[in-house]
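In this document, chain identifiers A, B and C correspond to the written order of the chains, with residue numbering beginning at 1 in each.
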Amino acid sequence: MTGADGSHAGAVAVPDWLVQQDVALCPCGCVGRRRKASFLTRTIRGGSGILQQVLFGEDVAAAPGLLQRIDPRTKIVSLLALLVVAGLAHSMITLAALYALTLGLAAASAMPLGFFVRRVWLFVPIFTGIVVLPATLSVVTPGHVVLTLWHWHGVAEGITTQGLLAAARVVCRVAASISLVVLLTLTTPWVRLLAALRGLGVPRIVVLIVGMAYRFVFLLLGSVTDMFQARQARTPGTPRHDGTARAFVGAGVGALLGKSAQLSEEVHHAMLARGYRGDATTLERHRLRAADLGYAAAVVVVAAALIWGDHVLVPR
Amino acid sequence: MHIPDGYLSPQTCAAGFVVAVPVLATAAARVKRRVRTRNVPTLAVLAAVSFLIMMFNVPIPDGTTAHAVGGALIAILLGPWAAAIAVTVALGFQALLFGDGGVLSFGVDVVNMAVILPFAGYGVYRLVARGAALTARRRVLAAFLAGYVGINVAALCVGIELGIQPDLFHDATGAPLYSPYHLAQSIPAMLLAHLTVAGVAEGILTAAVLGYLQRANLPLLRVNHPGVPVDAAAADAERTRRRRLRPGVVAAVVVAALVVLTPLGLLAPGGAFGEDSPQDLRAALGLAAVPAGLAHYSGFWHDVLFPGYLSGSPWTYIVSAVVGIVVVGLVVWGAATLAVRLFGRRVPVPPPAAEREDTVEQVTDGPAR
Amino acid sequence: MSHADPTSHADPTPDPQELLVCRHLSYAYLERHPALDDVSLTVRRGERVALLGANGCGKSTLLKVLDGLVFPDAGSYTAFGAPVTEDSLEDEQMSRGFRSRVGFVFQNSDAQVFSPTVREEIAFGPLQLGLSRDETAGRVDDVLHMLGIPDLADRAPFQLSGGQKKKVAIATVLVMSPEVLLFDEPTAALDPRTRYWLVELIERLGTAGRTIVHATHDLDLLHRIADRCVVFSEDHRIVADGTPEEILRDRRLLVEVNLVHPAAAAVG
């Protein structure tokens, strides 16, 4: 006990209100109003959603299955080929066949089919179905009216054959395309995907940036979640959508930028310390095996068959 | 704003890559030159920040929330080229990891959100914040406008890209192959959402972060603002040395804006109101004869350079357009020159040298231990 | 306490036992916030040196100078007989030699673990320094086994706990087999078990003849991981240099440099 006033030297002066044992600012039960999820909850939920999604993806990628055994480079190239087929197809039958193909591949790759279908079709109706619904009307897509809804200056207006066809085609095309991408990303561990990009001629520096950014997303995600949870803990009642909320988001992103600037400096030092001189070498090395060549050949044959069939079905 | 696969024709997607790849290559080269070995961690961190910004829900005044892209913000802090790379990587994550945005349409998405957004936003910011001190309120306003305008210009481009699909790509029956909406529908749909909601979110985010950095982290703000005075007093001293309005620049900006906005003309159905030829007017209104005054004066001026835009081949149409652009540019330039002569009495002094290129080197040399 | 005396080393031909030699170093962040003020220090082969001082006294900055990451505003730094400057490190040969002989374990493991997987992270250093892929892969496996973490090899860093991350960070440095190891606050924020594991590792490295310099304010374990202590004052100068016993006995000094709380000093 050396302090002149009898307390520890340098002890923190604690204000009286913090020492008192009374209740906090507002003695509350559970009678508050509830409202729909605030921006805080939504942001926090978004963060944990990303983590869950990534961890689930790693699980599927580790399962034994057809696509898991294929070299990621082969998978990327064949994905692009099939996406172009989906883009060029005119006939609904071609698109349906392509979608059936993705279902078959998913089943062969130890993917829970229900999950695979849900993942695609939960996304499709929201972003595509509703969006293209008005396109079936003659005001958007003029043509042969099959279902008259109203008259405009004596002309029948309503749903047209062309509109229905166009809408159905867009929905199927989007569903097939998303299924193809989901197949690739769920059956390939992130690291091997990066290595494959490198193997396909994407500049090393870009791959390095992408890999590191992936790492930082999770690091900074932790800070963001902490920040929002700290505010949630300090916000009694429902957070309001007012100036202070906006200022909080501003300060949050500002602090995030400051923190990341510091982080990038530290990482730069850590890289220099281990001999980085501006051009990184990486460990990855892959050999194409017979299975990969077989898969690639199969994809080429299927793609060619689909294109040919599409031209037969819809001559142009 | 993320266009998924299936909405755009493969041809449009290819065009997107043709634009995106050289721009990104230039961006990588420029950023590399400015930050040397530090580029990798800096860009990686920025990409992560951009990805997370797309996750931040910004409360907007009507009680709902929206998310921003952050392209304008990064452009203000580290320049539009760095922003292009950071947002591209963030978009890559979304496309490959989370299925948000397409793989074939990746090039087009990059052009919209990683190129057009940051460059448009940064241009607006430079224009509005010109000559303001680093801590001035005007910079906050400039940041809001940068975000707001940036994301809306990008949305306009999305609207145009989607809107040209049904006219360019349809089958024999006229049924569209890809996105079914015409320009007249896709542009208002995109702009309505962005002018009211997403634009506000991007603007608020950009302004709020800039305001926060003005108070809490000036060194970070100074990185991309070399030579900008910190407070109002220093700004006044600086402003007297600034150059005046440059008529050439004004003319170029006006002409560029007109050219960019030209596709909007496709929105209007039919001819322009009140510009019909006398015969068409008579037919449309069912008049017995062309009104006498109209008949008399409509032929008054007929000694034109390109009668009827030299109608015939599309090339002559384009030539007429180019001549028109040049003439409009010259007129604006003349007007601006006149304005400077009449109102700008300040003595022109050459601007201070050393205005840029010193940058990211010092982003992070803060007193961190 | 003779090591800190710069005048005794005025000899132009370097003593091969003196690995790292700093003379009259000064450094300020942004040319405004001082971090080192006239610091001289010589580290001899096989020594285990602890840099002691309160937060912000300049220990970390000195470690960064020793690793050639920041360069002093004044004074000179020589490693293995060659001057280390921004210029000399531009030289490929010099840089490669220096980087492979000096390893740095950063305080913030998150900064050091930046690759997508643990395996790639550990391989980063040897690959940059020009080791072949096969040799690197072999070394990575050896280090993983030595540290008892082979099961972490294919994990992503965000799936690691704080202690595991520290082990990976140490592995990234050990894989290059450096002569000199620099540790910045190695035991900070570790659980007791990992902390003792680390102390034992440092002891083992010391008996294997490696030179170790670490910044710390962990006084409890000092006698096990250091045979020499250098004490920094809060005005960024070296104020004492001696054996751990000598330093720990000098309570007045420790209070003065803010390493122990006066109340604790009174009790002890």
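Here is the rule we use: a residue touches a chain if its C-beta (ideal position, glycine included) is under 8 Å from a C-beta of that chain, and two chains touch if they have at least 3 such contacts.
Everything numeric here is computed off the predicted structure, so don't read it as measured data.
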item	value
Identity of the chain that, by mean CA position, is farthest from subunit C	B
Chain occupying the most central position, where position means C-alpha average	A
Centre distance in Å when subunit A and subunit C are each reduced to the mean of their C-alpha atoms	41
Whole-Å gap separating subunit A and subunit B, where each centre is the average of the chain's CA atoms	26
Separation of mean Cα positions, subunit C and subunit B [Å, integer]	50
Sequence positions of subunit C contacting 2 or more other chains	114
Touching two or more other chains - residues of subunit B	41, 44, 365-366, 368
Two or more partner chains touched - positions in subunit A	190, 211-212, 214-216, 219, 263, 266-267, 271-272, 276-277, 280
Residue ranges of subunit A touching subunit B (in the complex, touch as defined)	39, 42-43, 46-47, 50, 53-54, 57, 79-80, 83-84, 86-88, 90, 119, 123, 127-128, 132, 135, 140-143, 161-163, 165-167, 169-170, 173-178, 181-182, 184-185, 190, 193, 203, 205-206, 208-217, 219-221, 224, 241-242, 245-247, 249-258, 260-268, 271-272, 276-278, 280, 314, 316
Of subunit C, residues touching subunit A in the complex	64, 67-69, 92, 95-96, 99-100, 102-104, 106, 108, 110-117, 119-120, 123-125, 127-129, 133, 136-137, 154, 156-158, 172-173, 176, 261-263, 266
Residues of subunit B that touch subunit A when the two form their complex	4-10, 13, 28, 32, 36-49, 51-53, 55-61, 63-65, 70, 73, 77, 85, 89-90, 92-93, 95-99, 102-104, 166, 171-182, 185, 204-205, 207-209, 211-213, 216-217, 220, 363-366, 368
Contacting residues of subunit A [partner subunit C, same complex]	1-2, 8-10, 190-191, 194, 211-212, 214-216, 218-219, 263, 266-267, 269-277, 280-285
